[in-house]
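Next up: the structures, one after another.
One chain, subunit A, appears in both complexes that follow, with subunit B as partner in the first and subunit C in the second.
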Partner chain A sequence: MGRKILLEHINVPGINTFDVYRQKGGYRALEKALKTMSSDDIVEEVKKSGLRGRGGAGFPTGMKWSFLAKPEGKARYLVCNADESEPGTFKDRYLMTYIPHLLVEGMIVSSFALGANTSYIYVRGEMMPQIRILEKAIAEAKAAGFLGKNILGSGFDHEVYVQPGGGAYICGEETALIESLEGKRGNPRIKPPFPAISGLYNCPTVVNNVETIAAVVPIVNDGGDEYAKIGIGRSTGTKLISASGNLNKPGVYEIELGVTVEDFIYSDEYCGGIANGKRLKAVVAGGSSVPILPANLILKLANGENRLMTYESLSDGGFATGTMLGSGGFVAFDEDQCIVRNTWNFSRFYHHESCGQCSPCREGTGWMEKVLHRLEYGHGKLSDIDLLVDVSKKIEGNTICPLGDAAAWPVASAIRHFRDEFEWHVTNPKEAMERNYGLAGYADPLPKPEEVM
Partner chain B sequence: MSEKVKVSIDGITIEVEPGTSILNAARIIGGDIVPPAMCYYSKLEGSGGKCRTCLVKVSKGSEKDPRPMPKLVASCRTAVMDGMEVQNITSPEVKEARKGVVEMLLINHPLDCPVCDQAGECHLQDLGYEHGSEATRYEFERRTFDRIDIGDKIQLHMTRCILCYRCVYVADQLTEKREHGILGRGDASEISTYIEKAIENDFSGNVIDVCPVGALTDKTFRFKQRVWFTKPVEAHRDCPTCTGKVSLWYKGEDVIRVTARKDVYGEVEDFICNTCRFEKKNTNDWIIDGPRQISNRSVISSNHYEQLAPPPVVRKNLALQAANKEEFERATKH
Partner chain C sequence: MLNIAQPEQVVFKPELITKFNEIVARYPEGKQKSALLPILHLVQAEFGWVSGPAMDKVAEYLDIKPIEVYEVATFYTMFFLKPLGKHVLEVCRTGPCCLVGAEKIMKYIEQKLGVKEGEVTPDGLFSWRGVECLAACGMAPVLQIGPEYKFHENLTEAKIDELIDSLRLTTAVNPQIS
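Our next item is the complex of A and B:
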């Protein structure tokens, strides 16, 4: 069994209430931090732990915290990004629903480390129940004296506020989130200046994912070195994976980074294999925006080794044969799923969610969606496939925020790995409407790399 | 802090004040190396970064940190650093990306230039001509909107809009009350006023001048004349609200349009008030300063101020000179 750190007590009845959470050792990190540690100590522990941002980009959290500007006389803010809306990712919602005090404790400890007296949890607007749960948890923490003025006699004042989101995927981008939190239209800002210098209300701000902030609690409890022992290389600690798709046991799993992908899909501890005895065709490993990989490439690296669930191993081979861990939205597709339809569906999402601020994304996402729709419904042309690759290239990297990249990658990777299936949709439009392409050679063992003389 | 920083753009080195954007540094140099800009407007704070036509490649970050920037950057919003090396037209990557952006900007543009009042002074026309491809690969229906009247003097034709946000910044920064903004998102977003409300403000007419395309047009000039048949002159008047420095656009004896004075990048010298723009259309309202300099590359210059010099092929060939004698004499008389 892999170690559980965040979800250790998830099955304890009533863990969502303050009393039970406290009984199980909750708010220990808060007491330890406020009574025995300085804010720099905590930042140092987080640096030692090697914790990387769990929202998708995987940027080292300790380093992000140390970039925070600390000008005199200016407030600093911690903002928790709970605007989880990536298709395939639902780990933050799970965490907030069942163990909200972990997030609240993490918020207070992290704010203490950053010297922020006010922090915000920006929750996706659709998650109304979770907003209520968090508000209740905050009220309970406040009643117990863990929030408010002079917490535990340390002289540290802190308030946490919950803000319902504006109802757009783009508000999960950190600068758009800040704009939205300020009450404006959620358009991403142009960087620089980065939020660490000028963020919320033009003050230095750190924006972290729910899971990142929650992971600060065990790091403070057990020390950064202890946390860094879990995992492999630069991928330390545990990660919540939201497994969905054609799996026997979909759900949220906490894994130690370094589990093999094969184990994660097939072992009974995790997903328990593909549902209905079918075969695996493809996997989206980190939420809809990361490149999709066929079964043979997701299980093995190009050199024949097993692929692991780590930041490095999943991105091994770059975009030619790799993908990304992203936010941990693990979607498995069985042999009866149509990749063209899925790509169209993702593309439709990005078209709908583009904010419309910069031209390549505004116009390009809609264009790609229309072309993919045409391919899926049997009116495509062979030239459309190259057109899609070209349009995705013109969007990628040319936009203000990463949404353009996120829209381009799934399309580019689907065509890179499943070109046969796209071509089959063009050459056999009638058949494509009636049946799926099937598994074809997508699970075949990888060809052995040629020996270089 | 006022020490100048050195930046090289396409191999041309220049010293500028720290904090200058790459685009403005390039504009100081001038010529072909200036990246095109559809959304940046130096007089509007916070504008720029949206259209992505001004993308450039930074091949050397600065003297201190010589690493190149990983992605193409928007030159209008990136400040120069000492020792920075920028590639614009010398980088095939930039040209390719720009071509892509122009194509994206045009896929939903109606291309109704023959009936558009902006034709001849439209930045999208210039951009498409200079940086685009000759044909589009877009085969779907283009998005359309209904025309909206913003008050009795301004018409908004969203179909032509490229969402540069300039008019939104004008509404934000020049007028006291914000009455005009973006509704919707993605490719369904549109510039509008809340429930088609008129913009009541002395300076609202400036949204027409900042619009790079024909989305916001002057209703008093609408369908009156093609710009290249009009003659622009510089004029001023003693105006209590604005500086009163304008360009008058004549057709024959009549002033048919008043605009602010724009520079070669389409940026106005001073914003003007609605009284000057819409109501003073008699020559005796104005003091004429002189003819307006128009670049001889602009279509507006045809027929006017620049004498139609005979093409070199005529000048060198005596037989052709004889054949065109009458015309040649008229052209070279002055």
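Our next item is the complex of A and C:
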């Protein structure tokens, strides 16, 4: 059994309430931090832990925190990114629903480390139930004296507020989120300046994902070194994986970074294999934005070794044969799924969600959606496939925010690995409307790497 | 917005204004515009949609220009800029949900309610629409119903029948409860 540190007590009845959370050792990190540690001590522990941002980009959290500017007389802010809208990702909802105090405690401890007297949890507007849950948890923490003025006699004042979004994926991008929190449209800002210098209300701001902030609690409790013992290499600690698609047991799993992809999919501890006795065709391993891989490449590296659930192993092979851990949104496709249809669906999503500021993203996502639609519905041409690759290349790297890349990668990777299926849609349009292409050779063992003399 | 019949006058009840005031207090002095999204949610919960005159009132309350409210209300997908059914069924239509049958569920709802996406049933009770990933892909297919955004997971046709029947029943018994 893998160690659980975020979800250790998840099955304890009432763990969502203040009293039970407290009985199980909750708010110990807060007491330890405020009574025995300085802000710098906490930042140091987070650095030692090797914790990397759990929102998708995987940037080292301790380093991000140490970049925060501290000009005299200016407020600093911590903003928690609970916008969770990346298709395939639902771990933050889970954490906020079942163990909200972990996030609240993490917010207070992290704010203390950053010297922020006010923090906001920006929750996507559709999560109204979670907003209510968090507001209740915050009120309970305040009643217990863990929020407000001079917390535990430390001289540290803090308030946490919950802010609802309005239904826009782009507001998960940190500068769009800040704009949104200021009551504006969610148009990402041009960087620099980075939020660490000029963020919310032009003040220095740290934006962190829900899971990142929650992980600060065990790091403070047990020390950064303890946390760093879990995992492999630069992938330290545990990660919440949202597993969905055609799995026997979809759901949220806390894994120690480093389990094999094969174990994660097939073992009973995790997803329990593919549903309905079907076979695995493909996986999107880190949310809809990361490259899709066929079964054989997600299970094994190009050199034949097992692929692991770590930042490094999932990206092994670059874009030729690898993908990314991203937000940990793990979507499994069985042999009956159509890659063209799914790629069209994702393109439709990105077109819908593009904020429209940059032409390559606004226009390119629209083109990709249109072309994929005609491929899926039997009106495509063979040249459309190269056209898609061309459009995706013209978006990639040419936009203000990474949504452009996020829209381009799924298309480029689907064509890279499943080109025969796209071609089949063109050459057999009628058949493609009636049945799916099936598993083809996507699960066949990888060819042996050539011996280098 | 242009060809939608707008109410002549919108009045915010004192209780609503009290809630607005509580929200504005969360932000630093002079940053009251941050309250715009939470306030628009409250307005929609109260009136069922966000009308032009309601947006003007919000602008007045927050001391910002009306265009600052319009551009926000039109950017975010959760705000209804025209009246919809009393219960708006919002079904996730994104990739992971489609792997386990979301498209079929949407077709079934369309058939059952007899109206297209974004339309209102003749009795004014229901609308439906597809929305993007609701961060519940492991419980797919899913739908939500505002203003509290209660979730309905692992949908089947039978569950849709049950849900729609029960919504009809509660509204018939007590039209005030949504």
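Following the convention adopted for this analysis, the second predicted complex is superposed on the first by the 453 of 453 C-alpha atoms of A that agree within 3 Å, B and C clash if a C-alpha of one lies under 4 Å from a C-alpha of the other, contacts with A are read in each partner's own complex, and residues count from 1 in each chain.
Here is the rule we go by: contacts are C-beta pairs under 8 Å (C-beta built on N, C-alpha and C of every residue); 3 or more make two chains touch, one makes a residue touch a chain.
None of these values were measured; they are calculated from a predicted model.
If you stack the two complexes on chain A, which partner ends up touching A:324: first (subunit B), second (subunit C), both, or neither?
neither
With both complexes overlaid on chain A, does A:397 touch subunit B (first), subunit C (second), both or neither?
first
More residues of subunit A in touch with subunit C or with subunit B?
After superposing on chain A, more of subunit A is contacted by C.
So, A:124: does it touch subunit B (first), subunit C (second), both, or neither?
A:124: touches subunit C, not subunit B.
Would you sort A:168 into first (subunit B), second (subunit C), both or neither based on which partner it touches?
A:168: touches subunit B and subunit C.
With both complexes superposed on chain A, which partner does A:367 reach: first (subunit B), second (subunit C), both or neither?
So A:367 only meets subunit B here.
Please work out whether A:340 is in contact with subunit B alone, subunit C alone, both, or neither, and reply first, second, both or neither.
Neither partner.
Check whether A:358 is in contact with subunit B, with subunit C, with both or with neither, and answer first, second, both or neither.
A:358 contacts subunit B only, not subunit C.
Regarding the shared-chain residue A:255, is it in contact with subunit B (first), subunit C (second), both, or neither?
In the superposition, A:255 contacts neither subunit B nor subunit C.
Once the structures are superposed on A, label A:184 by its partner contacts, choosing first (subunit B), second (subunit C), both or neither.
second
Indicate the residue numbers of subunit A shared between its subunit B interface and its subunit C interface, in ascending order.
Touching subunit B in the first complex and subunit C in the second, residues 168, 185, 352-353, 355 of subunit A appear in both lists.
Can you check the complex and tell me which residues of subunit C touch subunit A?
Residues 26, 28, 31, 33-38, 40-41, 62, 64, 68, 71-72, 75-79, 93-96, 98-100, 131-140, 144, 146-151 of subunit C touch subunit A in their complex.
Which bits of subunit A are touching subunit B when the two form their complex?
On the subunit A side, the touching residues are 168, 170, 185, 190, 351-360, 362-367, 370, 387, 391, 393-395, 397-400.
Can you tell me which positions in subunit A touch subunit C when the two form their complex?
Residue list for subunit A touching subunit C: 75, 84-90, 92-93, 118, 120, 124-129, 159, 161, 163-169, 180-186, 201, 242-246, 250-252, 284, 288, 329, 331, 333-334, 337, 341-342, 345-346, 349, 352-353, 355.
Can you check the complex and tell me which residues of subunit B touch subunit A?
Contact set of subunit B toward subunit A: 48-53, 55, 71-72, 74, 77, 97, 100-101, 103-105, 107-108, 137-138, 140, 162-163, 165, 181-182, 184-189.
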